[in-house]
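Structures incoming, each one as structure tokens.
Next come two complexes, and both contain chain A; in the first it sits with chain B, in the second with chain C.
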Partner chain A sequence: MSLPWKLQETFSPEEIQFIVENEPIKIFPRFTTKTPVRDNRRGTSTGQTRWKLLTAKDESLNNLVAIRTTEVALWIALLLKQQGKCSIVAPGWLRLSQLQKYIDYELKNTGRFSELPWNWLVVARLLFSKAADDLHDPVHLLREKVQDLREIRLGKIGQGLKHLNESHLQLDNLSLLEINELRPFVLGVMNKLKDVHSSISEEQEEE
Partner chain B sequence: MSYYDIDDILADATKFPCRFNYDIPGLGYLEGNIGKDIKKNAKVELPLWLARILAIVGGDPGLSSVDDDEAFPFVELMAPELLAPRVINAIKSGPATLDVHSINSHFYALAIKWATLFNDRDLVEVLNYMLLERSQEIRNHAASIDLEELAQGRDVSTFMLTLDEFEKRIYRDSHESCKDMKKWLVQR
Partner chain C sequence: MNIDIDDILADLDRDTTAVESSLISQSHNDTTILGTDGPETEKFGHFPVPSPVKDFERLMTSWRNERMSPELLPFPHLLMQRTLRRVQEQLEHIECLSMGYLEDTAGVSNAADSRNGAVTSKLPLLAMEADLERLKFVLRSFLRCRLAKIDKYSLYLRQFNDAGAAVPLDELLSRQELGYHERHSTMLLKLLNNSILRHMPPELQAVDDNEGSVKMVEEPEWSRFVFVYVNGPDRAQRDPDSLLLVNEETGQQFYSVTIQELQEEAELAIGGIYVMRYNVVRDLILDNKVRLI
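Let's turn to the complex of A and B:
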């Protein structure tokens, strides 16, 4: 078919990254794009190029003031960061103390997942590889914690999959990437369980 | 299971033992003697696509020699080898160590078709248990390769050789998914 079989029922991790890159994130710009008021009165005689975006808000980008935080889409932040034109403000959960709290919660509540944001794994990986110098804590320690979290949650997922059935499954607070990894397995098994059960459903209705 | 599903077509070609309820002229080629008639109570192995239909449609009740008003179907399906009591007992005792592939490479598909034909509730329960137990094992194999066993030079693929066609597909899909995920996590 026109779509390769791997992508027919699920997303690739790259597509998940693409989705997450549309989320807003805070940055410290290192340059100013805001036109001074006196320039405004004279019109755009300075000939400065302006951002004109169709898919993201360009308002904040045209009003950047150096060292004043603003929110932009993550993909723009990563582009600017690459050129050294901004530094990214790490989200509140991406700190050692906060991650430790999540780990403690995960260990205490074996039946539940902690309330990490839906994109935690992707954001963490992107910031670790592209904005490691902007994080509050040393990257190798953060990496360790994120890896711990991932493994604890993987263990819980393994436990949860023992209770697969033909009708439903509740996965509160599981992140998009984790769901995406599970999708082919869970859907395949649950569909087969449904087939197995529906093979005698007519009799049940008669009863 | 759709019309064009290759695995479904292959599964439907599996032969099931059947017994004829009528004398039918000209059908001897099903038994291997072309041009002859087929006798009542003849035991023939028929592919499921044929047996399934013949076990439902029947002869004219007036013509049949039996006294019952009810028309017998042309053939009667007999319990196949792949669902014999010893297989069911083997499943109940340990699904993960069972060599499903040697029983039949389309075990689940056939078992589901059988359960549909006979409304077999016990079989459905056994299948449910088997599918759940084996899928745990499949996930373990799909998520990681057991390095310890590899290092000791033992054959890790013995479980892989026992998978039926449906399980192979599940394994392939979930393994690809885990692999892509790991690749993405470590890149750059």
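Let's turn to the complex of A and C:
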């Protein structure tokens, strides 16, 4: 078919990353694109190309001032970082102290997930691999914490799978990547349970 | 004693950005008509075109919904028209810019200063190309997903042509998709007829026979489970939404839905993630109050 079968029920991890890359992130640019007012009479003769984007906001990119924080889409930030044109400001939750708070919360409340952003796993992985030098805390410690969080949450998900039923399920604060890896299994089991259930109730009606 | 002046401050805020807020409300109108995309949309033709970024967000939502829903969703005609035109314009824009580069670099070759400038001014070009590729990827994936569904439900979609169908087929599909559906099902029918069906007794020759022991027309699995995210009404204005209820204990806003098969009520709190049957949340999805994830 026109869509590969493995993509028909779920997203691929690359597509999840694609979705996450559209989110805004803060950067320190290392170059200036804002045209000074006194240059105005020279107009565009300076040879500056304007940014004109379709999928992301471009006003901020046309007004970059070196070392002044700006918000741009994550994929642009990674592109600039690759060229050595900016450094990425790590989001507030990607700190040792903050991650430790999340871990404590996860350990204290066994029944629910902590309020990590929906894209935490993907963002953490991207920043660890592409912008490791911009993080406040040493990367190996951060990695450790993120891995701890991931394992605690995986354990809870494993516990939660006991409650699969034929009506519905509530999974607040589960991140997109975690949902995506659960999806084929959870939906498959719940669909089967639903089929079994509905066939039983049909039989009862016939009697 | 505290005097609550939030509404006064909000009033002041609105005044200073009078132009902007009127734009926002207009684009809001536009989102509400996007869902229907029917003949009444022509009346709104004079509205200013929504910004590319907003449109891209909408495209991402329709792409994700389409990928995860069991049925074929209505085609967003207006949104696609705008996006395709933008892709074309951007393509020409990039081409013009890169032509300019060729002249520039040929003209000045020795000055280190200008070479440095050229490197920084190549960055926007790089980003614009990447940006265009990303947009085109979403478009491609969206359309391919729809084609796969058209293949799957081709017999079911043919029933839409019968009188009395809820949605006319040309609203559900784009013009090109209609053509594809038409020709593909004819070709498939021809193949089946020539290879097998003509050796069958006449009463067994129909491909869309629903009377026999197994139904041959494959309908979407309406009660399949999907992951949903409850994002609530489009904008901050929550008052006009009559479906939205407030939980008396927690004060949280939620939609109340009924699961027919089990005679069960469920609350969809705003900001929550649920696994639900598709037919339960279908109306909320079409109203853009709930997203598939």
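Operating definition for what follows: the second predicted complex is superposed on the first by the 199 of 207 C-alpha atoms of A that agree within 3 Å, B and C clash if a C-alpha of one lies under 4 Å from a C-alpha of the other, contacts with A are read in each partner's own complex, and residues count from 1 in each chain.
Methods note: a residue touches a chain if its C-beta (ideal position, glycine included) is under 8 Å from a C-beta of that chain, and two chains touch if they have at least 3 such contacts.
Just so we're clear, the structure is a prediction, and the values are computed from it rather than from any experiment.
Student: Which one hits more chain A residues, chain B or chain C?
Tutor: C
Student: A:Gly158 contacts which: chain B (first), chain C (second), both, neither?
Tutor: Only chain B is touched by A:Gly158; chain C is not.
Student: Of the two partner chains, chain B (first) and chain C (second), which one does A:Ser12 touch, if any: first, second, both, or neither?
Tutor: Only chain B; A:Ser12 stays clear of chain C.
Student: Output check: A:Val139 vs chain B and chain C. Expected answer is one of first, second, both, neither. What do you get?
Tutor: Touch status of A:Val139: no partner.
Student: Could you look at A:Ser199 and tell me whether it touches chain B, chain C, both or neither (first, second, both, neither)?
Tutor: first
Student: Scan A:Leu171 for contacts with chain B and chain C and give back first, second, both or neither.
Tutor: Only chain C is touched by A:Leu171; chain B is not.
Student: Would you sort A:Arg183 into first (chain B), second (chain C), both or neither based on which partner it touches?
Tutor: Both partners, chain B and chain C.
Student: Could you tell me if A:Ile103 is touching chain B, chain C, both of them or neither one (first, second, both, neither)?
Tutor: The answer is neither, since A:Ile103 touches no partner chain.
Student: Which partner chains sit in contact with A:Lys57 here, chain B, chain C, both or neither? Use first/second/both/neither.
Tutor: second
Student: Taking the stated contact definition, name every residue in chain A that is touched by chain B in one complex and by chain C in the other, in rising order.
Tutor: Shared contact residues on chain A (touching chain B in one complex, chain C in the other): 166, 183, 197.
Student: Would you mind writing out the residues of chain A in touch with chain C in their complex?
Tutor: Residues in contact with chain C: 1-3, 7-8, 11, 15, 18-19, 22, 31, 33, 46-57, 61, 75-76, 79-80, 83, 85, 166-174, 176, 179, 183, 186-187, 190-191, 194, 197-198, 201.
Student: So in the complex, which bits of chain A are touching chain B?
Tutor: 6, 10, 12-14, 17, 125, 129, 154, 158, 161-162, 164, 166, 177, 180-185, 188-189, 192-193, 195-197, 199-200, 202-203
Student: Any idea which chain B residues touch chain A in the complex?
Tutor: 1, 108, 112-113, 115-116, 119-121, 124, 127-128, 131-132, 135-136, 138-140, 142-143, 166, 169-170, 173-174, 176-178, 180-181, 183-185, 188
Student: Spell out the part of chain C that touches chain A in their complex, as residue ranges.
Tutor: 52-53, 56, 60, 64, 67, 86-87, 90, 93, 97, 104, 114, 117-118, 120-128, 130-132, 134-135, 137, 141, 144-145, 147-148, 151-152, 221, 223-227, 259, 261-262, 264, 266, 271-277, 280, 293
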